[in-house]
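For clarity, chains are labelled A, B and C in written order, and residue numbers in each chain start from 1.
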């Protein structure tokens, strides 16, 4: 049976009607990863042994027609900055190459109760810092659509796995676009939920006020199912929220905003065309369209590249060779820590730690970090105002299609600039989703981003699903689509 | 106006030892980035720091009840330790 | 040169909550290292802090008890520095928006009331414990071993303004703070267990100067004795330096108990840059008015209020101070006894002198459950009424602590009731006078100290049952003294 292209609901239905079983699905997944991993290196580790057992137990539950959830027996790939008990969590860093976690992230505990299967841990930019997965200490991941190209980052491994069908869906994390951008580069759906709606307990922190875990999947419905399973208030995370969802109107009662500053210079013509394609569909469906302006967005990269490094400089201070991870010896413990961190961290991570340390240092706080916090607050307020007149905001997900491996590695600033469209949603805590809309002239996927105000995740998913149906984007990467 | 970048001091604060080559490269990288963010530094903003909330959705803290929750066993806590003796983590001497 | 010292004290109080400050690991005493840990207090990747509600209650209690204003929209800050006993290499603390600010604490020094102004009261977490292996001296250690059981325990830091003027005042302040913490039931206040730890900032400047001198921080004083001596030593050291025209370096010094000196610590160049910033893992802490009012209403009687109550019964400030710093049951016993006898001095003396003395001798920490405060009241009254002697009272008390009975039963059994009848006593007095004419002559000639001998003879002949005071009175009358 050709199971790898099916949706979660379809698979669940086949299991329930006993037309196939979880162990058969897993067997196909397993066989796929044998070939895809060699070509793409999406995974850093595969959990073959435990999974055969899990799949068999799942078979039993379905054969006895027990009460099972949608995710029972479904293999998901997990980004390697999310802790799974008794498995390695490396964050694609030399610093943690041998770290075996003694605890589960909350999202994993939740998926465990759903009896989900984990294919293994996927590759990322080291400590989630990057936009191409080229910053991994364990080799880069390739884009299944064209292996000369990057899959995006930092959740490149997760995206490459789903696109090459070595998993049904995946978890990624998004701090400045790290779910949405790789989803866009790989022709997939990538969803970053409202800040605080998914627990960060067990997600190795990069920038605490920006990070969120979310799904990368082949369809909006799959994303919805995974989001539903992993979201919810968690008393182990003080930033976790407890609020009810807010419902948004649709069709002629709803207004779509096109963000002027995200359709200007720096955005490729092809990417702009995809947005226009979506706008046409929405016009036909009766949605009101208007152009909105948020001038502060032009400074979002500056705001982000002060806040994120500052927070990460403290979040990564715990990696010192004392209690776990890499240790490089020294005569004193200070020396040991300095040597360990010199060898354990890659260049991009060092760059951001030093930048963050500088932004917080004596004499510079008000000018840099303090200023960025105030600017961020202003941006939050401005979005609030805009959402009084608009329900959804549409923009490109990325300025361009995927780029070639090695193309941007010499210029950190250029790499940072490609996050322009995705960063604002992290700064303001907004739910944001990328859906695939078409292919570029190079036959690489293009995506469009939709954002809405906080706590409207369900409405955003519904709206995106409607667009997905209208767009009928059915392209799949050659060689991996069966 | 670009600030004088004391990479040695920053590296010391961040506890990362850097070679001279690395210092030079990183110093340059950072100068480029700092120059870019200068536009933000120079911006006049009417938002006060007192108005800023830590949580992007401006949530306030919910305090947790003082009741015990499951923790790690001794073996789990020590399971990744680079060096152990008598149940304690061992490091090279740290001066007070 | 006329120099005046200025001292500020930073105290850390370990709160006796059930669990740690930012995780719910239970807090308990143990010798076993690293048994009380979770991802959060061990600093594992992906762990997050969740503040403890009781700890916030306790610190609010302390802030209100010291008259501090409470910060409405507060936050936690990360204090960033690298050290092996700090799992995250930052300590979650509070920087410019502490829970409480601008309070004061009444102290008693040299039998007078005074106040120490408090700058701030803030919340933070404790670090793990390092021990240095090797020869035992810090600078020749071969390795350091780490136990993180203590990591994450809630600490309240109280910082005074630089207003303390002597080592004596510093000690009085710590004693008061300790008692307050015990009274509020937020800490056991055991200095030997490290429940309270303190550092002192000391500077010396010319008396006429309005500015403070260069301040030196002294660490590692773990008892009131070492606090007092370290401060005295440092004041002397700085004064000597200034008189010689030397400069005082701003630094941290270590109190060496064995050498009885402060020594310069091997410090890193320059002062530390902690790069404080608001902890993004912990949203703003907004304490609602109902929360604060509820805590205000739950404030028990504070030590300075207790002192006032005690003084109202007639005790001196000094004696009131002693009782205000005693265990609760002693304080309560005093009031019970006083209410019965209306004799504040006797009540005080009998409780703090005899009763506690006997208990110490018998090595008991608390009174047996049959011991009623009325026993003490009765003994005092009997003595006041001259029905028993002071010595007899002591005997009765000793028995009462060990046997379930009453003062009356003991007095009867041991024949302690005294003869108070003037006529009966006069008879014996005159007998003794008749039998000791020689002595009487010598007394009349001015040898007053022989009166005591006569009284002794009177008491001896009565078999000890005569009230000595009365005997002396009547003897003096008879001899026309």
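Definition applied: a residue touches a chain if its C-beta (ideal position, glycine included) is under 8 Å from a C-beta of that chain, and two chains touch if they have at least 3 such contacts.
Predicted, not measured: the structure shown is a model, and the values here were computed from it.
Enquirer: If you tally the C-beta contacts for B-C and for A-B, which one comes out higher?
Expert: The greater number of contacts lies at A-B.
Enquirer: As a test of understanding: of all chains, whose mean C-alpha position lies farthest from that of chain B?
Expert: Computed centres place C farthest from chain B.
Enquirer: Using CA atoms only, can you tell me which chain is the most central one in this structure?
Expert: Located nearest the centre of all protein C-alpha atoms is chain B.
Enquirer: If you average the Cα atoms of chain A and of chain C to get two centres, how far apart are those centres in Å?
Expert: 57
Enquirer: Can you give the whole-Å distance between the Cα centres of chain B and chain C?
Expert: Chain centroid spacing, chain B to chain C, equals 40 Å.
Enquirer: Just give me the whole-number Å value for how far the CA centre of chain A lies from that of chain B.
Expert: 23
Enquirer: Can you pull out the residues of chain B that are in contact with at least two other chains?
Expert: Touching at least two other chains: 13, 15, 53-55, 59, 61, 64, 72, 77, 89, 91-95.
Enquirer: What parts of chain C, by residue number, touch at least two of the other chains?
Expert: Residues 39, 42, 50-51, 80, 82, 84, 89, 144, 146, 148, 273, 275, 280, 282-283 of chain C each touch two or more of the other chains.
Enquirer: On chain A, where are the residues touching two or more other chains?
Expert: Each of 99, 102-103, 209, 235, 238-239, 313, 317, 320, 322-324, 333-334, 337, 357, 361 in chain A touches at least two other chains.
Enquirer: How about chain A: which of its residues touch chain B in the complex?
Expert: Contacts found on chain A: 98-100, 102-103, 194-196, 209, 235, 238-239, 241-242, 299, 301-303, 305-306, 313, 317, 320-325, 327, 329-339, 341-342, 345, 350-351, 353-355, 357-358, 361, 364, 367-368, 370-378, 380-381, 412-413, 416, 427-429, 454.
Enquirer: Considering the complex alone, what residue numbers of chain B touch chain C?
Expert: 13, 15, 53-55, 59-61, 63-72, 74, 77-78, 85-96
Enquirer: Of all residues in chain C, which touch chain A in the complex?
Expert: 39, 42-51, 78, 80, 82, 84, 87-90, 144, 146, 148, 273, 275, 277, 280-283
Enquirer: In the complex, go through chain B and note every residue touching chain A.
Expert: Listed in rising order, the residues of chain B that touch chain A are 3, 5, 7, 9-11, 13-18, 22, 26, 29-30, 32-34, 36-37, 39-41, 43, 45, 47-49, 51-59, 61-62, 64, 72, 76-77, 79-83, 89, 91-95.
Enquirer: Tell me, which parts of chain C touch chain B in their complex?
Expert: Residues 17-19, 23-26, 32-39, 42, 50-56, 75, 80, 82-85, 89, 130-132, 134, 138-139, 141-148, 254, 265-266, 273, 275, 278-280, 282-286 of chain C touch chain B in their complex.
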